[in-house]
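Take a look at the structures listed below.
After this come two complexes, each holding chain A, first together with chain B and then together with chain C.
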Partner chain A sequence: MSAKCAGISCANVGVVFKREFLNYFNTPIGFVFLAIFSFMINVLFFVFTQFWEAGIANLDRFFATFSLGYVIFIPAVTMRLWAEEKRSGTIELLFTMPIRHEEAILGKYFSALAFLAVALASTLFVPLTVAVIADPDWFLIFGGYIGAFFMGSAYISMGLMFSWLTKDQIVAFLFTVLAIFVLYLLGLEPVLEAMGSLKPIAAFFSVSWHYESLSRGLFDSRDIIYFISFSALFLYLNYRSITNRR
Partner chain B sequence: MKKVLKKFNESPTITTSLLIVLFLLLNWVSYGAYMRFDLSNTGRLRLTDKTKEILKNLPDNVIVEGFFSGEVPASHVQQLKYLKDFLKEYAAVSKGKFQLIFLDPDSDEEAKERADFLGIRSARMGSIDQKKQEISSVYFSIALSYGAENQIINNVLNVRQLEYELTSRIYKMAHPGERKIGFLANHGDFHSRDAQKQTDAFHSLQGFKQTIETVYGNLVDVDTAKNDVPSDITTLVIAGVTKLSPLDMFRIDQYLMRGGKLIVAQSGMNLSFQSGMVTPAAPEIIEFFANYGVLLSSSMIYEKKNFMAYRTRGALPFQVLEIPYPLWVVAVDDYMDKNNIITKELPNLFLPWTSSVSADENKLIKDSDTKASILIKSSKSAYEQSNNVLINPQAVSIAFEQDNQTVSQYNLGVLIEGKFKSKFTAETLPDEAPKDFIKEGERPGMILAVGSPYAISNMGIMQSQGINGSFFLSALHLMNGMKDLVEIRSTEIENPPLPAMEPAKKNTLTMLNFILPLAFFAGFGMIVFYRRKKLAEIPVSSFGEKKKKK
Partner chain C sequence: MIEAKNLTKTFGDITAVDDISFSIQKGEIVGLLGPNGAGKTTTMRMLTGFYDPAMGDAIIGGSSVINSRQHVQKMIGYLPETAALYSDMLVSDFLRFIGKARGLDDNKLQAGIEKAVASTSLEKYFYRPISILSKGYKQRVGLASTLLHDPSVLILDEPTSGLDPNQINEMQNLIRQLSKEKTIILSTHILAEVEATCQRAIIISDGKKVLDSSLDDIEKLKEGSHHIQVVLKGKVSEAQKIYANIFNGNNESVETVSSDSSETRLQITSSMKASEKVFSTAVENKWIITELFTEKLSLENIFQSLTGGK
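Here is the complex of A and B:
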């Protein structure tokens, strides 16, 4: 008998998780995504942030690049999760199995999170390079990765829902890119300044704004609560949109 | 009830709306009570509790405008980011009291006008990278506004203790005129006016005045020959007095009895730069301070190990000679009291022409608050001389090379805390003094004494590159109940630098970062697809056979 929480079977979540996670690596696409993500982060960090010219063994700006890197990477990770099932018709098969909607959502969500973790691990070469030549603060690096993971988890929950809304992966990708880009822009200083009195509201809704503290090695319970509740909200919206449609 | 709940649960509109409300509510509640801590080893963005307390208790909001150029030389990009992060951290912990705005005067005409109005200047910055050398004019300034008050920190990149600079300025703006520092004027050569001539640097306290003004405002001249020490003076500075009448002494005494605090920068010897002679200070002055436990020695300290050299022109053009000058004593951190907040983080203290100074706790009223500490000592290679003291560098240098004095360690700075006894309980009162006076300290007072008045003058402040100023400022903070500001001052975070490297090595490391992940994924991908291909070659029927064999 498998463990259950609020009627959700961990075994069923595990089945969906395994299937989805392995799916990323069943085709070259998964590897291509990982390679592109790693390449993009390196370009942003080494070329645009001028790491060598700054001359400081500090990776703040490395973690800041994730905000922008996710605009492309997360939609690529989430676009096929539901859209592909709907296009190929396997969705019907999935829902005829003894798996609840919540379990399917969580399985897909965790698989995307695991893929994100692999992608983040692929960027570890940068901190290791800095560690070879200088003495970086590993607590800060740890904090930065935790923040990047939380930010990614929030975006994934949103991308998962957009993937449900369409049969076409490209449409899901574009919707998610647009949404993430808006949430990213809302966290930028010039945009916030232009918002005037709406600045605190705009900042609150921006995922990248909440990530900023964590990327600087500052653990703030408000940001963690925001990321978790944001993810929960979109997973629930995903659940609602599935039950409504069916 | 169950039916209502079921119906309620089945309504997607209601449950979705409720969840959105719950999302907003949960986040709103989280803003009321939250935890925030810096994960870094160095605590680079960790603000002290005092800063948080000051921000929390601000009666009004402080508006902070960061004037930063959008484009800065690459070598300063990281510093700019740190600076912005630091300011954001202030805003984050202030609960809305610290309103932060970033402006770029280079691209925004209104911001440029605002910068000009506030007197903000751009700074010229040079940077050299592998391709080119550039000098650019960039904005790196902060303006703080609180009510009608404004404070500007220009070229903030040069500010070493940013938290201190920001917090102390905010504190000053929010509490104008609460703490006043007085200077005992017209009792010797030392004064608080501008140094008009170069020789004035020895006696002007202008540098000290500038050091303290961001927190304490103007240094107020107090003349006890004319009036009592005003009641709003929280600390009185006495530097190099050569004469004190009985009435002066009475007024200073009563100030101490009322719980006043004194900074005494006083030598047991008087210097004459004109004659080059050193003579013992007036005995009544030495006795006066001795009444409160400050024992000034009528001698001069020669430090053989840690001293500042005297620089003079050599015979050749542009030749500078450095002459050993043991009368310019440098007390180093090995000989500082590490348990006292003033000297705990002090790297050194420059004490030109200093006497030794000791503390006598017995002169205080014995209670739990009574405390006398030796803050600063010379090295063990010092000696003191009371007769035939020469100050001429050439003569001192010759004596330095020949002398065979017995060396020892001497006390150079003391801190005495507690309730003091009035000097006038056992002595005749001056004619002008009221008969009804305070005989024992009503409140605990404090005296910080160093054996050199030049330590607090422009000479000491400038030659020490501001370290002497930090020392006296820390003492003022301690005396004025702002001990936490001293701790903020010692908060200085530096980012670890990258070692100097050849461009070729940098390029190699950059290329490796690009290639290694790609090679890893390509390799891993090939293994996966090779295995899949192998599996595809096995006939489907053989899967069952394999299982059976097992």
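Here is the complex of A and C:
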């Protein structure tokens, strides 16, 4: 009846995806998150990089703001996904439906990705502003957004996993903030320098380091593979810890 | 229809369900009875595939819940305890979500929703957010969601908990209606509820099955001993002696609970229904009865008689 891959039914993933995605907008919370994210990115870019004062239409710094914005935004998007189901008991409803755990995980993961895409779209205002006053490199902008999306997807899979580990959204939020912040710091040049000989290893594990090169327009498939593996690892860990519960 | 084989579930070193087996025929309505923490919910969670049993298996409609979980889950309608619902959704959206998750196509979904909404009388609340509904209506939404795919087996975990007496009545009527076409297993810690809806009761305590018998048999168990309280007006000091002469068999006793100038309160334990005799004796002696009632045997009393009063 529907497309299947490795026994996973797209219809079932779709059902979970739809519910989760609409859930972001059933309450004002989703809109609040979007507004805060958009505001944060704009402030970080226009105020902290002193865009107007610099007199150069440079978007490098724009994509750098995502690394920082995600520290708060991604945990806010993922904290609810499992924790709320566990707190309210609907987890029992979901897991006694003829839906496989893999399908439920993917549905939730994709819903957060879709919300991330909406959030990224809401920041298009910035490059559009720049386009009015100058002629930016659209290829670079496209690459920057692709990088931001992949970086977000990696963090989301991690946040989803942390949300599974607790009944409490706030706990899920704080742990995810901490983890993303550590990964963010690992990618900063001064921190990497301080690591000495460990620098290449630390850099390899840092999400924001891989993102840096992507957002500079260096489209390296290794970075994309890094992000996809990162996501796959946490989705798999999530799956394992769900099946262990049973 | 439902065949539980040596179901066992452990959490760490706690054995929540210990080697429970039972078999339920098609069309039966069975109450899973036990005090809180006896293992009712854990048993149901194993039947519905939410937990994997540590040992044993459950065969539902011919399929093993371990080997073909999804297939079994398609046959079951399950109402978890306290009807957990996605309260951010409208009733209509929620039912549609559940139907879709159960793989119904649009036609079946539409028909299923209409039927489920009609049988739970939810028409008025169909487009309301679940979050504003009262407890009773939430429970109905939960029940409606279990009926969408017309399951042959209904598993209801404490379907009446938290409802007021009117709502309990309605819910019990609903369950009785549904029992005409479905095999139902429901859990409760209230004996009266089993009497109101079920044909058979499986009593579990401390994770073990202690009784599995028809309600008629349970009635007989209850008739094994009766507690009658009688309150006579004024101080009637001879009452205890006179009653003690009547109720002098094995397992029979008469105790004075309290006695003062305004009333005399006696408790009579008898092996038969003795209230008539208590009444007629009072009339013969011209005592005035102000209260006379048979104490219903509680579940705990039954447990005591079942487990040897430990």
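Operating definition for what follows: the second predicted complex is superposed on the first by the 246 of 246 C-alpha atoms of A that agree within 3 Å, B and C clash if a C-alpha of one lies under 4 Å from a C-alpha of the other, contacts with A are read in each partner's own complex, and residues count from 1 in each chain.
Just so we're on the same page, contacts are C-beta pairs under 8 Å (C-beta built on N, C-alpha and C of every residue); 3 or more make two chains touch, one makes a residue touch a chain.
On a predicted model such as this, the values are computed, not experimentally measured, just so you know.
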| item | value |
| --- | --- |
| Superposed model, chain A: greater residue contact from chain B or chain C | B |
| Partner chain in contact with A:T90 - chain B first, chain C second, else both or neither | second |
| Shared chain A contacts, counted only where both chain B and chain C touch the same residue | 26 |
| Residue ranges of chain A touching chain C (in the complex, touch as defined) | 1, 11-12, 15-16, 18-19, 22-23, 26-27, 88-100, 246 |
| Complex contact set, residues of chain B against chain A | 12, 15-16, 19-20, 22-23, 26-27, 30-31, 34-42, 44-45, 74-75, 77-79, 81-82, 85, 88-89, 92, 101-102, 127, 129, 495-499, 501, 506, 509-510, 512-514, 516-518, 520-522, 524-525, 528-529, 532 |
| Touching residues (chain side chain C, partner chain A) in the complex | 45, 48-52, 70-71, 73-74, 76, 78, 80-82, 84-89, 93, 97-98, 100-103, 145 |
| Touching residues on chain A, where the partner in the complex is chain B | 25-26, 28, 31, 34-35, 38-39, 42, 46, 49-50, 52-58, 60-61, 64, 122-123, 125-126, 129-130, 132-140, 142-143, 189, 193, 204, 212-213, 216-222, 225-226, 229-230, 232-233, 236-237, 240, 243-244 |
